[in-house]
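Shared chain: chain A. Partners: chain B in the first complex, chain C in the second.
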Partner chain A sequence: MAALGKTKRKAGFIPLTIIFILFIVFLYGPTATIAILSFQGPEGGLTFPMNGVSLHWFRQLFEEQQVGDFGGSLTRSLLLGLSVMLCTAVFSLLAGLAYRRSFKGGDALFYLTLVSLILPSILISLGIGIMFDRIGLSPAWYSSAFGAHLTWTLPFGLLIMFAVFNRFNKSYEAAAIDMGATAWQTFRLVVFPLILPSLIGVCLFGFTLSYDEFARTLMTAGTFNTQPLEIYGMTTNVTTPVLFYALGTMTTLFSFTLISSALIAIWAVRKSRARKAPTGV
Partner chain B sequence: MRFLTANPSYLQVTPLALVILLFLLFPVATIVIVSFWDFNAYQLIPDFIFENYEFLLTSSVTLSAYLKTFFYAITTWAITLTLGFTVAYYLAFYIRSPLLQGVLFVLCTVPFLTSNIIRMISWIPLLGRNGLVNSTLQEINLIDAPIEWLLYSDFAVVLAFVHLYTLFMVVPIFNSMMRIDRNLIEASIDAGASAFQTIFQVVVPLCKSGIAIGSIFVVTLVMGDFITVSLMSGGLSASVGVLIRNEISLLQYPAAAAGAVVLLITVLIMLSIMFRFINIKKEL
Partner chain C sequence: MKKGSVELVGVVKRYGESTAVRNIDLHIEGGSYCCLLGPSGCGKSTTLRMIAGHESVSEGDILLNNRNVTTLPPRKRGTALMFQNYALFPHLNSLDNVAFSLKIAGVSRQERHSRALEMLKLVNMESFFEAFPEQLSGGQQQRVALARALINQPEVILLDEPLSALDPFLRTRMRAELKRIQQQLGITFIHVTHSQEEAFALADQVVVMNNGYIEQVDKPIGIFSRPSTAFVASFIGGHNIIEGTLTDSGLTTGDERLIRLESTPLGDTDNKAAVSLRCDRIQISPQPFESAQPDPMRVESVEYQGSYVHLRGQFSDGLGLSVFQSDADYLAAPLNAGDQAFVGWRHTDLNPLRPGSDIAPGL
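Moving on, here comes the complex of A and B:
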């Protein structure tokens, strides 16, 4: 393998590295561009060249708005994201545990969960919207949009849990039971700590996917917008585009902060475990 | 109730099952039922008519929207597959330090967790008439007049799709590649295969299911999309999703429902073909 690696590295390493770097630039470049543009002066326009440098637009964002409801939509998105995160983590953990035994209908439910993931979002949005309308409930971000988000986050949670339990070494559990631990103790003291890093991953997915979700929220949010809907509304009636760039930059920075916190948390959990069990788990 | 105590799985799986029942099966059933209803400007009228379908399936607008959507799906699929495969291949076979590999992999996947809408909008200052690309090209005298087709065009739509969805290819393909026994590649080289022969006759067949999973994601995401198309084409282009979205905004729910049912059937047919290549449970 080492010898092979060396010969391979000579052939194609440089062009592939260049492609990879270009790909990363392609992924992050546009977002970085609007981040730079959002620091323009008060006279700044939609594109380059920049008109001075200032924090003007970020200040504008937090001042009273002539259009839209920035604060309200942010609060709703955060609350919705947190509740979706919590339910995704708990529901997929439970379902993951359930699938460790076989049970009737398990396969059907698994495939339906996959369907829920790959079904075009507009179908779910429309379906939930009409369903609420027909049973005489008015759609709202905490009811219909909450359900719509779960149809998007739960499949990811379940798939992560499947991946975790497929790789799970059952002898730790068996050892705990042999030593007289109850089922609850085995779960709380052995299984749960082992899967905690993945569970943090599920939480991260649950929150960010809900926080950024647009298509499934469109017909299910009811009267009050969530943040992505608000942003979309701003794109269609832009009066001050740079304000909008500032909003985009804030949102992206927020997502990055969340992702890094989750990654650090996962790393910390692993690290503290490595210290407790030098042989590695 | 006895089966609940006998097998706790039933209890544990209940929350998931309820969500699927209430927010997936009921809504889809609602769409199917409503697609046969009648409607006027003010309300939905429960009925059993085929007019929504008749209108939909005989309209030339539908046909051109489907052709457009297939065009987007196939182009995006081909580009994301090539790009995603190359990136995954580089990560899996050229980066030898597991730490660096992990970091680069995360770097590729982080955008998935940020807002799609903002990622799309970010292209506007770059591609616009006076955008960064045009002004740079003019400055270095490569072009005299701004290129008009950079923004609000099919090019912009496909570019945004590739930008948004390539990582749906990278992740499953990378995942399959990491399971390939490195000895097989060595054997292939030893047997005299060139690098390209090794890629196409050893690596590609062994990550067939990763490719299939990525393709399922990309194709279904593009088929059901309406926001990317309406934003990046500037409203000039209509995909199937855009048509449904328009009918929704005109409150023509039965028509939108019929459109959604036809879209659902189309996607299911495409999925049934792609699912032949994989066993999802083995992949995890």
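Moving on, here comes the complex of A and C:
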């Protein structure tokens, strides 16, 4: 089969491969370029050739700038992202469980939830900002921005949980009940472990959506900026963009670490299972 | 009364407008192997799930060991259900799957694992105790599922089409395995199947169901030699159904053909009646013989089946018959499609059928 595949390729193979490679270059080229340029020497410089090699800009990143507070905004973004993630996971799970049976007003509630996906982010941000102003509360990243982010992440989380429970084989629950499990035991020992991977997916989704959210934070963050707002502010003030190159490299590295650790964890679980299973028969 | 007896009294199951099970009475002896046999949608699975407690009963009562369990939850009944696709928990290995109900019951980890291992030994799966369901073949999964059903020492095991997910070779092997375990433990097995071969091979008692009713309850031999209705005769296969009008001297069919009967079947109001005749009890020959019908039948098709040959033919008056001829008889005087052949039978082989039930669809 392999030999056959080598000798007889379909006509579209070469052009499609070229398109694919171009796509990959288009996708990862800028990130790679920025990563390389972020190691510029202290004099800076926006393009090749590089003026020396150093970690200068990474150090700069963690020192308080005259025009921006990168460390503080990062902390706020992470805290906000984590709380949004937690809330999204809990509420999506509970809502997903609730929607396994139809209930009165269920459809209306579902469409109402989806409305916030369709409305332009900036309008929601503006609305929440104005509402806080009217009530006489001052907007802050942990209150109004938190709510604004949830309008974005909850519908996504809910849709994922719908898909999960649609596929869920009810005979697992019936089997648990047949063996005497109570409703809570069935959930804790069977349903929850089985949907856990999807729930982790909801968590990651919730976190990333919140972490890089700009429009919904713009009118709701109040006095202190989240990271996307801070970066936006810095672009208009900071003298050299090499700092952003370093920033881009850091965030990309962060994402890749997250993804690779997840993949490694999955691989480790698979491997340990395969090792335990007997090979014979 | 032996432990593990099951009794259904006037059991009805309705889903809104439609009725899945219509007024069933059934007694299953403790320690016996009972098969519920029927086509899909006949109510056999629903009946099983009502016995298990996974389906509520609309009317009637279910008794286990003379104890009314109609409204009890599954676990309080002393039954264990084995699901069609086994429903082994994918996140637990074989040992923890089998030990699940003990975990629920609060048995210590060490004890439940040692008891689960005992059960895995019973089904010859102890070397797979750490394997996860996805790493097991269909037959292995089934053994683990059986061990999981057995661990709580239930009095009745309920099996929902347990062999349907297996390939034919494995099906025959697991069938023998099920019977062995049932006899070894002496507990009641109630097994739902649509395969009469499976039911005949396993059951002490076969319950043939159709359209929510029980058509016949008997030993496998009784079902095959004396099917009570046209449905049963057509569903289990290997039978001709001859319909006609009752007269004083027998059954008249076609234009003038008179079929002599040993016992008189019950006719309906128009004196219409039917008998069944096993295909392998019909003698067929190119030459006329003593008990043969006076006129020959035209052979329409000949199918070689190994140990026997399946011949289909029709008389000029329209009566069609299927004949299973032994391969030895066939080879002695081979018949071909288009030939004329004489057929005959002992009139004691004609089995009167109870009127009023339809023939199995598509058979």
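Just so it is clear, the second predicted complex is superposed on the first by the 249 of 281 C-alpha atoms of A that agree within 3 Å, B and C clash if a C-alpha of one lies under 4 Å from a C-alpha of the other, contacts with A are read in each partner's own complex, and residues count from 1 in each chain.
Here is the rule we go by: contacts are C-beta pairs under 8 Å (C-beta built on N, C-alpha and C of every residue); 3 or more make two chains touch, one makes a residue touch a chain.
Predicted, not measured: the structure shown is a model, and the values here were computed from it.
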Contacts of A:S171 with chain B and chain C, given as first, second, both or neither: second
Touched partner set for A:Q60, first chain B, second chain C, both or neither: neither
Chain B versus chain C as contact partner of A:S143, first or second or both or neither: neither
Partner touching more residues of chain A, whether chain B or chain C: B
Which superposed partner A:S83 touches (first chain B, second chain C, both, neither): neither
Touching partner for A:L194 - first (chain B), second (chain C), both, neither: second
Partner chain in contact with A:N51 - chain B first, chain C second, else both or neither: neither
Touching residues (chain side chain C, partner chain A) in the complex: 52-54, 73-75, 80-81, 83-85, 87, 89-91, 93, 100-101, 103-105, 127-128, 130-132, 135, 140, 148, 152
Chain B to chain A touching residues, read off their complex: 7-13, 15-17, 19-20, 22-28, 30-31, 34, 83, 86-87, 89-91, 93-94, 96, 104, 106-108, 110-111, 113-119, 121-126, 128, 130-132, 135, 163, 166-167, 182-183, 185-186, 189, 195, 216-217, 220, 223-227, 231, 241, 244-245, 248, 253, 256-257, 260, 263-264, 267, 271, 280-281, 284
For the chain A and chain C complex, residues of the former touching the latter: 169, 171-172, 174-181, 185, 189-190, 193-194, 273-274, 276-278, 280-281
Touch list for chain A against partner chain B, complex: 1, 4-5, 7-9, 11-13, 16-17, 19-20, 23-24, 26-31, 33-34, 37, 46-48, 87, 90-92, 94-95, 97-103, 106, 109-110, 112-116, 118-124, 126-131, 133-134, 147-148, 150-151, 154, 158-159, 162-163, 166, 204-205, 208-209, 211-212, 214-215, 218-219, 228, 231-232, 235, 244-245, 248, 251-252, 255-256, 258-259, 263
